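Letters are used for the chains, namely A, B, C and D, taken in the order the chains are written, and counting of residues starts over at 1 for each.
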């Protein structure tokens, strides 16, 4: 049994972790921390059937755990992560703080990284790309929700050398509102978000572009949109192949996912929908050829932003790190 | 052309008034006031196609208007209403401040009324019950959204003497989220309210009971619930008739609404749904007999909480007060 | 490992069973039957990640299973159930066909029962009331979704003798659209049901009243409503207690659920919401006292209509029948 | 007063026309036709407060009207339109049957046009492009919902010569479910469409591409998606400008819409959302520059698919045809 702690247990990713770990045969939650709800029980604070005493971060006992999930906001995790590592505890960080190089972090987040000495320890926690390094990692930086949905369909094409040179890939993504967290805002007020749909931070403005470009080596235009539903991301991705590339070659490139438990290419003629994946840890990918001569193709990917896009992927990484079956607690 | 001002123009009832008055052939908005957005234009602050300069309440020119709609929170309207009346401007107040006697206000709102001297001027603005008094009123207290949906079906039965004595009427009401206004709260955060449904303040706790009992003379148990949609109230009302009362007699009692433009009894066998009424100023009522011998019957009423339940009814009252066709701007 | 078959595997209750049994450590699905999709694989027909070959009912191999879940429409199950029982296979039926006496079935479903000889075998599958009989049963009639949400809160009060005599209990229930199944209708067309809310079959017309009255011995008025969401039932229940009954006595009556894994009374001052229970097998119950002198109280119960209201409860019964831990596959 | 008839009055576009014309000071509905509901009144068949006797198409009196709105499915309108024109009645057709040349119709709809002799009479009913020809037209082919949202933002750029040569424009569009009409299907069943989001017919497969290319002279990849809401289309459009084109030049190109009542460019830094436009006849457009050197820009447009995308635009055309103020009944 691996003992774990959860920093920031009462945000949406923290609550989802608690729900997943309840069903996990080899993990036991020792504590959850919360700034706002320390001293209460989880079920007092929220409409949930899970229960857990919530402690202040300062009282979280690192000696009682083998690993911690860190669900704190980006920009404030450095002291927590440093302390945990120093105590010999392995860290799964769900913030954006350890996903990028110090230079890229500075560029996209607009300030110097607060723990650059830890960056060499960090592994980008996308198992389909970095499984072996995750196995041994002391610090895993779990990917963002949008990047997971964009990198997984692009990586095999890039790796197989099928993409035209010098192109600008377009990723038009649509996410449920839980991706924006539980902080209150007019934009996520029910009356404003319901029956509504909107684009935001489109072009080259959203910070998740940094991860997408780092992992794929491609240049992207990225357009996130807000869907009137709770969970799920669908990305529609427009790429240019080398002219004359046939669908067979694309499909062959995806053979690298053949044994992946949670990344899957759908058969010819099928496109994924959110209904396929919500509540699962899957990223499903569909291919829609447009024009073979011109090399035009559209990829569609779907995932649950709180599972494969966040907490589910964190548990997948956890399983890898501790030598457990990778699907434990995730089926 | 009647010139009007709107205090609290940027809440949901204020915005709905602006939308209605845009189409109103005999009203012209001179100004809207807003605490948070004074100095901006409406279309800068909100996703709306209506436009209006927003002024601070202190700059709202009472000399420029014949009437004001007051969409301020309850408990703070007294100085504003007093000033408007003193300037000879007629007032349509949408708060709860002038709907009750001073004693009932004290009892249900837990503090002394701040302008008891104005209460004798106030008329409860439900046209189906008080049209003649509204016509001459200087101050009309527009009813709450829940009370409108509960009083309109009960009033004819009470008036016709069909109700059993000493009973406790049960009103089980369900409202869209716009009824809770635009103040941010976890309860009305999209992720929390979507796919959810909940009861709140049930029993004898919701303040709207005071209006319902004042206007019907009945004792009520009232259970409000929050629906995952923006607009609309459906009330399911359980009453005991004098045993042996037939559906015909109930229907005959509703003859008093025969010429009403906005209160309507549906034919035998039909019950209203929110889809009938959202976007209209109608309150539709259906009758479901249960057991004639025992006198059991269920009434179902539907309205748009922002229209017949608030701003639409305010415009209806405005039309009555200024001698205009009652349906102007409301069809 | 218990081998099971599922008749009617592609309706919402069938799909939910497949999802639950995938995670169940002691059950293995041998086959699923489908009239419309026989010969296809589940994942070809639906947006699901589960997979299963679908066979025609005539090809469903009873020798290969220890139990069958029967998710067929009511009125057509008799031959199937009879055949399974004759083959020595234990049956969990999710239709309404074996819940009532022959006389009540005739009265509420308007035709003679087609397998009256099997009725003595059938046990009403509400574990909180009939656990011991379920253990040995060859045929378990799983309760309807509405009845589960109404019987569980009323049963303890009735059993403790706290209810006033001769009363007519009012159950005002609200259900998500999945309760209406996957048959297409204008009422459940997205554009019609979204943003809408409606009452239907209110009074003494809905057939589920029969089960409620059978199990509680009370007379009910029952008003079902359709919520614009997929899963969940909330019932608001109005009862008259013997005058002077205090909340403590009510709470004490619920002590019989103290060790129940899936029926739970919330603490004083708390009411359940759908968000608490959707995705779980729980029925949560809250008490709202109204007037102790008059004996007025409101009960609120919540459940997921596809879980505790259907497929989850079926798995709970399955666990009991086969001597497995009752919560297996349900946490 | 202009007298009008509505063929196919009970589909979503027909019902929306009825709602609009109720408020229209210069139009009077003489009749509505319906295949399924002939002989009934509108309010008997639907949850609406509008009322109208429904006749069979064969009984629709062309002598009683000056114009007809034709809301029939594509492929079956030829006899109806021919008969109306022969009777001297002007026709506003909302189907796809008169929008394209005979050759394009054959290519995209897969069969020969059934009334090619009428095509020379037809004017494509997008007022911003063809107002003068609409004025005199006997037959106006109202544009599709998606094309309106794609053509209006692209046309000014094309006209001003700002677009790079030989490019493939990408239009990623998202529509509410009412765009799929009221025919029942599993895809539009509430439980399937709610909480879901999906792409369909993406690439070069959707027939609306024909109109888009005809009116803009551009080649497009078009990806429609289905949003879990009733009304609204948002299109995110990716174009390549001539390198070095500045936002000012784009904005200047949109000056041709300066006096348009229903097509509007938002100010710098603002993007439209569905909430801006639902319930209005507006198409709002926003510009998001991405990279001036490379000429990359994203356009976002929003409209209500049943208003500017269908029935509202039809009324706008109607007003133009009959010399009425263009905004009559549409504000």
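The working rule: a residue touches a chain if its C-beta (ideal position, glycine included) is under 8 Å from a C-beta of that chain, and two chains touch if they have at least 3 such contacts.
All values derive from a computational prediction rather than experimental measurement.
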The chain pair with the larger count of contacting C-beta pairs, comparing A-C against A-D, is A-D
Computed over C-alpha atoms, the centroid farthest from that of chain C is that of chain D
Chain A and chain D have mean C-alpha positions lying a whole-number Å distance apart equal to 39
Chain C to chain D, mean C-alpha position gap in Å, rounds to 46
Cα centroid separation, chain A vs chain C, in Å, comes to 37
Touching two or more other chains in chain D are residues 47, 192, 194-195, 228-230, 273, 275
The residues of chain B that touch chain D in their complex are 22-23, 47-49, 195, 272-273, 275-277, 279-280, 282, 284, 331
Counting only contacts in the complex, chain B reaches chain A at residues 12, 177-178, 182, 184-186, 188-195, 228-230
In the complex, the residues of chain D that touch chain A are 168, 170, 172, 174, 192, 194-200, 202-204, 221, 223, 225, 227-232, 234, 236, 238, 271, 273-275, 278, 288-291, 294, 296, 298, 300
